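The following pair of complexes shares a single chain, chain A, combined with chain B in the former and chain C in the latter.
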Partner chain A sequence: MTIGKMLLASAAIACVFGPAAALADTSGKKIALSNNYAGNSWRQAMLTSWDKITKEAVAKGVVAAADPFTTAENQATEQAAQIQNMIVQGYDAIVVNAASPTALNGAIKEACDAGITVVSFDGIVTEPCAWRIAVDFKGMGESQIEYLAKKMPQGGNLLEIRGLAGVSVDDNIHAGIVAGVEKNPQFKIVGSVNGDWAQDVAQRAVAGILPSLPDVAAVVTQGGDGYGAAQAFAAAKRPTPTIIMGNREDELVWWKQQKDASNYETMSVSIAPGVSTLAFWVAQQILDGKEVKKDLTVPFLRIDQDNLEANLKTTQKGGVANVEYSLEDAQKVIASAD
Partner chain B sequence: MRISAETFRQIIPAVSLVLLLGAVFYMQPRAMSYTGLNLLFNLAVPIALATVAQMLIMSVNDLDLSMGTFVSFSACVAATYLQSAPLIGVAILLAAIAVYATIGMLIHMRELPSIVVTLGMSFVWGGLAVLMLPQPGGQAPGWARWLMTAKPPLVPLAIVASVVIAVVTHLIVSRSSFGVLVRGIGGNTRSVARAGWSVLGLRAATYALAGFFAILSGIALVGLTTSADANIALRYTLLSIAGVILGGGEFVGGRVSPVGAVIGALTLTLAGSFLSFMRISPDWQIGAQGAILIIVLGLRLAFNLFEKRRRTR
Partner chain C sequence: MNRLHLVFARPWIWSFIAAVIVWFATVLVTGGAGALGLSHAALTFAAFSVIVGLGQMFVITLGPGNIDLSVPATMTLAGTVALKLMDVQDGMIIAGLVIAILLGIAIGIGNYALIKLLRIPPIIATLSMSFIVQSTAIWANRGLRIKPPDMLASFTTSSFLGIPNIAIVAVLLSLAAWVLLERTIYGRWISAIGQSIFAARMTGIPVDGTRLVTYTLCAVLAAVCGYLLASFSGGAALNMGAEYLLMSIAVVVIGGTAVAGGDSNIPGIWGASLFMFLVVSMLNTYGFGAGVRLILTGLIILAVILAAGGRKVVR
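And then the complex of A and B:
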């Protein structure tokens, strides 16, 4: 009894005087990451970021645990079972990158009913009780045209490389590009191909359409296709236009080479895999009792001429430029949603 | 008293389920509650129904590789037409059952390998599902949602449903004359035909019944997930086959066990949870899942050898 009281008292003192006093509310909370797929460099980077940031947070006592779980196969039914297991395991919050926006809703509803905070990101879910950290893909498309409008006010012909047909991400980025062109009528999309977010596919597609195109001033892309486009232009012995890059390591390396050789200028934009850490902090903030809007938007990661070298240095070979978010970043994102 | 070979064969699946359940309870005592059990097993209900459907097909020595896409298709129908226009929905599902019966007849009449026909059909079902729900969505019919989230007193729904499925299919397959004939086709088609039965009709009926159970699986799945997408149940093809085999069934010879199939489906679901509670790294999880399957099947194989030796003696 007395020992218990002493423990309680010392715990209370630790709470008052401890360095993490402001965050003590969540120190006993457990957060789980439910991830549906780990088979590409983006997802690997996402998991590595999660590991790095959450291990630090657990060591500092911000939360009690932050365990990542990845389903063995990219299937919604399996992920639903995984989420239900997490409920049984007694996690306080579940951070989800969902295999399907709708097929997990039943399991997520179960979690909410059990009093668990659910935060979805990247692959978001439609269940209203969950939080959503969505990517503004449309804004990403629009920002490309805005950059080009500033760089070449006289305008010119554009070649658009799209992603995988029928996927909503492709539609959204494309809609952004179209909206940007409408606002800046000095640009004209003269050709459009599907690059499937893969360098080899993009290269083939661009090589196929190039002979039929007039002079191309710039190439707008969706990420993972800029290097392939550059190769196609080089092979066709045409002057290299301004190709927007997508933060992949091979693209950044090529850009650096061109920059050193001929002072080539462009920009690069994509989503940082570290968005998982943003979701982690948002979940922590919700557990901490903060008021958080259900729909948040994640900023995209943009690389410009002057910070290319710095980003290239931190990007792993064959990987994607990444940024990990801190608690302060999350608070900024939460505040900007109000 | 010596336990007969057949009983032993039936007991293995149940024993592996109990062992696995014990391990899960030990690791996660929280699971030992009404909600805990329900959460562990409710996603096994659609898998159990799909496994029963697969078992019916396997009892006539065939294999259905379109099970996953067909369950996805029924889930899409359930989340769209069955919810908004029940009559059209029912008509579509009845048509799907008719297609299943036709496939059964086609396979029998032309002596086609069922694997090839059903693999082909899997693209048809998948395509139809995408046509119906190009984007994930739809909504579960209210009654399906009510049924799957019902909270019966004392025993959680997942367990009640599994028992009901096991009993009903046991009555059909192991106790009715229809079931005897179906298994007879698997055992010796010619003798069934010589006895004056229409193998064509029986096969068609078996396929239709399998289609019916697969549709129930799709509806149950949508009842759990609240909405569907065209790829929702792709895993069910392999899961259902593994469930039948785990439950003591065989690929040929009409040796199937309905109770075992349901237990097999529960075991497979539980194996996934077990691995997740073990905190096995995702890189190893597929391997570990495979290992559990191999261990149980290894047990079976060892037992089959043992059985054979005892017979020859």
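And then the complex of A and C:
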């Protein structure tokens, strides 16, 4: 073998192993996902995204394992026990979507004390030792009113569909909507119902309040309830208002039909279930020794009139519009927090 | 006066009185404009509660401790699997209904097998069953919403002579349940078992067979309701049955069926189902926040049960 060939070969080897070497620090690390609920399409998509991205990462040797665990009953006590099991099993990092912002703090503190990196996302925890990838739900509510203010500057009556009563996400989105209405007093909330983020519950609640409402110009929502609202308006034979959607496939399909038939205009905003993969990469970066701020913010996934078709194409039939995050996306989110 | 007395002695009358009062209170706000729309919506949504309520009523009639907590999971699984099987084809509507009913039968038999063979109390047995069923539903299609066939969707959402088709289906099922309860030997048997399981056994009633049939009936009704609800709301969702667990029990109790068993009441289920829908609409119309709304709902339900239950204190 000539010197030249040897040089070429070592250069090739360096090329193959070069990028991996930068990540080699975490190749022996094990990450666990502690998830509190799997009973709706958003959570199912979240778990599927986790599966897809982490399997690739494990196959490439970025981490040794990334195992998802879901509790059966959506109970904080059960999830606390689950986290304690993970501590015993020797995971290096725990990524958690928490049943409660405070009830898990004890178990999370134990994990931190055992030297485990804890990253909470979507359902975040208040324990200071954990990282938080939070959604700006208030901003999400406000953005709906801002959109409406641009679309119908003359204002009008709003029907608000809220989520599950007593959950902080519901309060935050609602606070954003109220703040938006205060800034744009030409809008007036004439009715408010709880749709529990479920199509059939929203349909039922809207059908019940509609007979008592004056003309409704727009419906502000929290996601998962737009199609049900549209059905209720149709059943009551009332003109279809501008209904803000929440990125579900059935909502987008309905929107597309209305757009084709009558040039219907609206927008759709929610959080991509793939946020679990963002949390995974953030945990990996922390294990890798990167400096990461404790509080990070997830970008919204917003769909507008012009990118509706493109998003519809990539959304699974019956699922939720989704994006999976890459290592580079995570690094961008980390950098933007500095 | 005497006749009026007779009417008020019927426990089901209270749920209807409550429903009518709440209806008026809601319509009053709108100045009478929404009367028709509200009644139409109430009939539509009450129908779903009636269908699951009927099944739960038969089970509760069996006596203390008998309850079926697998209702929501059964609805979800039946809705999911039936819609997946039909896959938007009108020709498969009957096949979808058949698979929903078969699933109901299987779940009902499973429930009673747990209760009888493993000697688990019904509340635990049906709860464990609901975990199995819910997980199967998740596994079956990962929470994806498949649209119902067009013919079925338009049937469930349209009306005949101004009455929602769904309500007509619920009335027919109620009539069948009434015949079953009042005019067949099976109806006598479940009442007898509910009043005293020991005495029923002594008189030679096939207690196990009757209970098996009752749990199966309840699961089948839940499955049919899931099939209809999924078609009505444009697709099955993994959490679609969640509302109907407490609802199925509440409409039975408010409707005047004895919680202790042995005494069931079909008209009351209708009154209670209409009432449950209307009370939420009323409180929404008056613009109460979720917290106040839930408290008031609880208080109003308590008041109706107390009014209807006056008779039982004497017993």
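One rule holds in what follows: the second predicted complex is superposed on the first by the 319 of 338 C-alpha atoms of A that agree within 3 Å, B and C clash if a C-alpha of one lies under 4 Å from a C-alpha of the other, contacts with A are read in each partner's own complex, and residues count from 1 in each chain.
Definition applied: a contact is a pair of C-beta atoms (placed from the backbone, for glycine too) under 8 Å apart; a residue touches a chain by one contact, two chains touch by 3 or more.
All values reported here derive from a predicted model rather than from experimental measurement.
Colleague: Quick one: on chain A, after the overlay, do chain B and chain C clash, or do they fit? Just give me the call.
Modeller: On the shared chain A, the partners fit.
Colleague: After the superposition on A, what does A:T71 contact: first (chain B), second (chain C), both or neither?
Modeller: A:T71: touches chain B, not chain C.
Colleague: Considering only touches as defined above, state whether A:D250 meets chain B (first), chain C (second), both or neither.
Modeller: Second partner only, chain C.
Colleague: I'd like to know which partner A:Q186 touches here: chain B for first, chain C for second, both or neither.
Modeller: neither
Colleague: Touching A:T102, do we find chain B (first), chain C (second), both, or neither?
Modeller: Only chain B; A:T102 stays clear of chain C.
Colleague: Once both structures sit on top of one another, what is the angle chain B-chain A-chain C taken between CA centres, to the nearest 10 degrees?
Modeller: 60
Colleague: Taking the superposition on A as described, I'd like to know which of chain B and chain C A:S336 touches: first, second, both or neither.
Modeller: Neither chain B nor chain C is touched by A:S336.
Colleague: Quick check for you: in the superposed arrangement, does A:Y227 touch first (chain B), second (chain C), both or neither?
Modeller: A:Y227: touches chain C, not chain B.
Colleague: Quick one: is A:A81 in contact with chain B, with chain C, with both, or with neither? Answer first, second, both or neither.
Modeller: In the superposition, A:A81 touches chain B alone.
Colleague: First (chain B), second (chain C), both or neither: which does A:A205 touch?
Modeller: The second partner, chain C, only.
Colleague: Check the residue A:N307 against both partner chains and state whether it touches chain B (first), chain C (second), both, or neither.
Modeller: After superposition on chain A, A:N307 lies in contact with neither partner.
Colleague: Minimum CA distance, chain B versus chain C, superposed model, integer angstrom?
Modeller: Closest C-alpha pair between chain B and chain C: 6 Å.
Colleague: Please write out, lowest number first, the residues of chain A touched by both chain B and chain C across the two complexes.
Modeller: Overlap of chain B and chain C footprints on chain A: residues 38, 72, 166.
Colleague: In their complex, what parts of chain B are in touch with chain A?
Modeller: 28, 30-31, 35-36, 39-40, 42-43, 46, 134-138, 148, 221, 223-229, 231-236, 269, 272-273, 276-277, 279, 282-283, 285-286, 289
Colleague: In the complex of these two chains, what residues of chain C are touching chain A?
Modeller: Residues of chain C touching chain A: 26-27, 29-30, 33-38, 41-42, 44-45, 131, 134, 138, 141-147, 157, 229, 232-235, 237-240, 242-243, 277-278, 280-281, 284-285, 287, 289-291, 294.
Colleague: Considering the complex alone, what residue numbers of chain A touch chain C?
Modeller: Listed in rising order, the residues are 38-41, 43-45, 48, 72, 162, 165-166, 191-194, 196, 198-201, 203-205, 207-212, 227-228, 231, 235-236, 248-250, 316-319.
Colleague: Show which residues of chain A lie in contact with chain B when the two form their complex.
Modeller: So the residues of chain A in touch with chain B come to 35, 38, 67-73, 75-78, 80-82, 84-85, 87-90, 100-107, 109-110, 114, 126-127, 166, 168.
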